[in-house]
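Two complexes follow with chain A in common, the first pairing it with chain B and the second with chain C.
Now for the complex of A and B:
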């Protein structure tokens, strides 16, 4: 607290409240209120009211739950998340550690591996479509290597696991960069003293990584996990580009109910579901990680 | 030691190839003649490059207009996002006040929450408010999405500029506002430009909200996704579109590379 006091300039004379910071913050809060909090409440309200009569009812949730695509959408969303997120975190950690080792050329490597954060889910889906489509680059490579005389159809509903594999590969390619940047900035906050101390006590590289770096990196790992998990529920354009509706996902269903079936209320039910799932997962992660912390200190 | 170096460099080569290869391939596809993309055996390297595929895409119905729309939305988003979040970023960097942590948390929550999904209830509200199918409506949602990023960059920029310089200017007789405009602003400009560029990318790339909130005035991603879903656009259109959307990203990430860690990292320095 003392440090914080010293860092921040004292503007207000003691005893009087300076209203300037509140005035500066006001536009953001007002804007978030209207365009973030209000639609959140509106999503829940819409999902609980009947589209025709406007009366309170569970019709929308019944229509959502009764839809053929509903169960698969939940299943595939969770499945894709469960495979892609650990891969993103593992690969992101490897890249961050590599950059942080400051080998010659590490800044060019950082730039290259960060490029995907500027690429949209739609563009990423289209890029990998050019690879996985029937006359795509994957088949061209297989043909050149003499492994496929005829093109193999990868993106077909007959091979759901291949479709999911293509989506996971695309998501890992696109979103690892975000994880990497979170972890890298976490790594750079770790004071060098820790590593020096570890090596004085004779710890090898792996031991230092396991017992010093990773525990200290926990807050960043936690942030990366939560952000990626929540964003995984918004998975939409990648799936549409690669699989259309053959692999239904939650955000995709929200889109189809809104623009295809013209039912903002059922679409809102999906939105509300995604909100609840995201909140539950964030809460779950935080609980789980805090419990571990207690066990470790006990 | 050399073994370790060898390990590092082979990992770097493999990962670099993994990131770069798809970008090379989509570039090849976008400049290959159309026949090659549908032929079997499929050539990887076309014997000649052509602009036909890209020109076909650019000349397709609605594409040019949607590019213009995307640019307008992006500019509006930058203006809105700065008007709304730059003062907050400045306040978080320069003032200590009650509720500062709560404000930071509220802003962080927008990054954590699945905000794009909120465009569905917003569409209903926008119809009432006369903002539906209008570019400003899309820009408002994009500005909401960019608030956490702009705030955090702006605040890190001002934390990096010593307040004592402003104080010095004030002792020399300038007002607080003058000191800010003449002393701090010029030093803050590069960082603020990076925030603007990132906001541009965010808006340029955003698909879901743009699709939900527009009908005739599509942005480029909304147009492409609609022509994929509803019209079954041909493959060469999709590849050219993908390449066209990626192009700005390559340049833009290069421009803002100094701020990459600030954008997603918890803190800097």
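Now for the complex of A and C:
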């Protein structure tokens, strides 16, 4: 009875509104309003107004669409996302499962694999630039191991796939750790009872993973996927460091239109496009999740 | 609990004592620039250049250096707000039209005549001429720079036989690259084609005027078509990582490239580290002469400056001949006063100064200036040239088609802003590619 009472919603006495919860969310709302909603509204407004006359127009979107780098930017943004995100999630899951198995020295391993979280994306790009450049660490290693007679130029416009490979490697190195942490905290939320029950029913390790752990981990997987996918659209500094503008990406184009062409309006058009794409993908993920839940309950 | 209180007391005592030990200057002014953005240069500006001014005058200087975009926005935003924090600003001659269009900077005539009255410095006449826009003097000349070729001394063995590197032509440069490629199997000529590299300057200020005698008018002329097919061949001997290069001193020091073209400030670190290994050469000459860009950097007082008198004192200090020599030695920007030019540099700077002298003093030298008058759309000019390069040299599109399409964009830009052609083109307004 005591438990049931505690679970009953606490209703404030009639006629008196309890303002405490509203006061508590107020700082968050103010923060979001000032730093997210206001700039977002301003960016959308900028993207819809002409830079010279200030009149409402679609000029900025037309200029964005007519730009040399527009189509490649969309193509490469999606391509890099489609390769890097599944790799990050798969690798993050493997590492999280490994750490969660609590082998000897697992906490040292956890700290080591989490290091890239603390490194900014530009720094990560520069680290890998110093590895891949012609006089970089990779060539030094190949040379010392006697594997290459001449240094190999990995970063060349002649091999777009190599450039994309370098970007994907850097992104996987940089961002797998955050996926791993989200999944690890998800794994630690799963009560041990489920695994015990599974083993009582004679489930092997693989079966437990497939039928118990992964379904229970779905919310965390979802979070990791959404975060990584949205962030993949904001991918920029690593690409600029490794591939310049040979591999244009959407966020990079927004930056170039702002800083190089000095056109905040077209830059805002790119930002608005990124917003729409991110929102669409998040919506898609959430829908996918809900359908699965319905299937499960049915 | 006790421990916590003790820690807090200790913290406060420390803070107070540090504050007391550090005697802040009586006054502080804000100085913004889009120059000296590399970290080493920022450090030098704060700890050497400006620290000396503070020592002398007891005026503190808060130095803010940013890339062009945010830098321009900050000053323009202050002008629009009608209330400012910036006291002095220093930037490229080509950016002042944006400030003038926004009415963001003062006429510097009064400051200039006060400086002239001191009789301890004069300014090169051609630099004073470019500081004037109509009847307004937008800035006081501060320092100047240019772009040059730098090469490893050992690379000279591949220079085409019987030709003079100090009087290099574009054909010589291509042959040089070919020879290097044949001898070493590698493409070792480098250009700063990275996103923040200055390759665009090479296109519109160096090779275009050298081949066509024009920056804009002859954009799609027959000579331009010839020039672009040359650039395609030159790209064939250029290091394939060039699109990541932003400061050529880096690949030069790594040995990835042995011949490079860049801004003096961006090759100076290589010369400083190994002054005996490198040689600086003038930029090449084309069929229409040896064109190069003279970069002029000027100082101005924003209209909204809160302390214009203190700002004027900083300008006086920065344009002093002795300070100009310090600036040359610190960051490789050259003096704007003949009084400072008499100083003979040594080491890497000597190598640089010889190259600059050979370039400016060549009999076929002709100066190109950065485009002005494009106002808020100034930033679109250079990317137009770099995009043209990407389309023709990297993506291999048809030269004539690309030139026609890009010329239409160039024409729209100049028509929209009603701007005149930049030298060496005649000052027709609006400028239009023929």
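Operating definition for what follows: the second predicted complex is superposed on the first by the 272 of 298 C-alpha atoms of A that agree within 3 Å, B and C clash if a C-alpha of one lies under 4 Å from a C-alpha of the other, contacts with A are read in each partner's own complex, and residues count from 1 in each chain.
We adopt the following convention: a residue touches a chain if its C-beta (ideal position, glycine included) is under 8 Å from a C-beta of that chain, and two chains touch if they have at least 3 such contacts.
Bear in mind the structure is a predicted one, so any value in this text is a computation, not a measurement.
Student: After the alignment on chain A, I want to confirm one thing: do chain B and chain C clash, or do they fit together?
Tutor: clash
Student: With both complexes overlaid on chain A, does A:261 touch chain B (first), chain C (second), both or neither?
Tutor: Second partner only, chain C.
Student: Who does A:240 touch here: chain B (first), chain C (second), both, or neither?
Tutor: both
Student: Output check: A:133 vs chain B and chain C. Expected answer is one of first, second, both, neither. What do you get?
Tutor: A:133 contacts both chain B and chain C.
Student: Which of the two partners, first being chain B and second being chain C, lies in contact with A:155: first, second, both, or neither?
Tutor: In the superposition, A:155 contacts chain C only.
Student: Mind working out whether A:195 is in touch with chain B, chain C, both or neither, as first, second, both or neither?
Tutor: Neither chain B nor chain C is touched by A:195.
Student: So which one touches more of the residues on chain A, chain B or chain C?
Tutor: B
Student: Just to be sure I read the superposition right, which of the two partners does A:68 touch: chain B = first, chain C = second, or both, or neither?
Tutor: After superposition on chain A, A:68 lies in contact with chain C alone.
Student: Regarding the shared-chain residue A:121, is it in contact with chain B (first), chain C (second), both, or neither?
Tutor: It touches chain B, and chain C stays clear.
Student: What stretch of chain C clashes with chain B when the complexes are fitted on chain A: 3-11, 21-29 or 39-47?
Tutor: The one stretch of chain C in steric conflict with chain B is 39-47.
Student: Do chain B and chain C touch any of the same residues on chain A, and if so, which?
Tutor: In chain A, residues 129, 133, 135, 150, 240-241, 244, 258-259 are touched by chain B and also by chain C.
Student: Spell out the residues on chain A that touch chain B in their complex, using ranges where they run on.
Tutor: Within the complex, chain A contacts chain B at residues 4-5, 8-11, 18, 20-25, 27-29, 31-32, 35-36, 38-40, 42-43, 45-46, 91, 94-95, 98, 101, 103, 105, 107, 109-123, 125-131, 133, 135-137, 139-141, 143-144, 150-151, 173, 178, 181-182, 184-186, 188-189, 205, 219-220, 223, 226-227, 230-231, 233-234, 236-237, 240-241, 244, 251, 254-255, 258-259, 264, 267-268, 270-271, 274-275, 278, 282.
Student: Give the list of chain B residues in touch with chain A in this complex.
Tutor: 4-5, 8-9, 11-12, 15-16, 18-20, 22-23, 25-26, 29, 37-44, 83-85, 87-88, 90-92, 94-97, 99-100, 103, 106-107, 110-125, 140-141, 143-144, 147, 151, 163, 167, 201, 204-208, 211-212, 221, 224-225, 228-229, 235, 238-239, 241-242, 245-246, 248-250, 252-254, 257, 260-268
Student: Using the touch rule from the top, collect the residues of chain A that touch chain C in their complex.
Tutor: Where chain A meets chain C, its residues are 51-52, 68, 129, 133-135, 150, 153, 155-158, 240-246, 252, 256, 258-263.
Student: Give every residue of chain C touching chain A within the complex, in rising order.
Tutor: Answer in residue numbers: 67-70, 72, 185-186, 193-195, 239-241, 243-244, 254-256, 376-380, 382-383, 387, 390-391, 394, 416.
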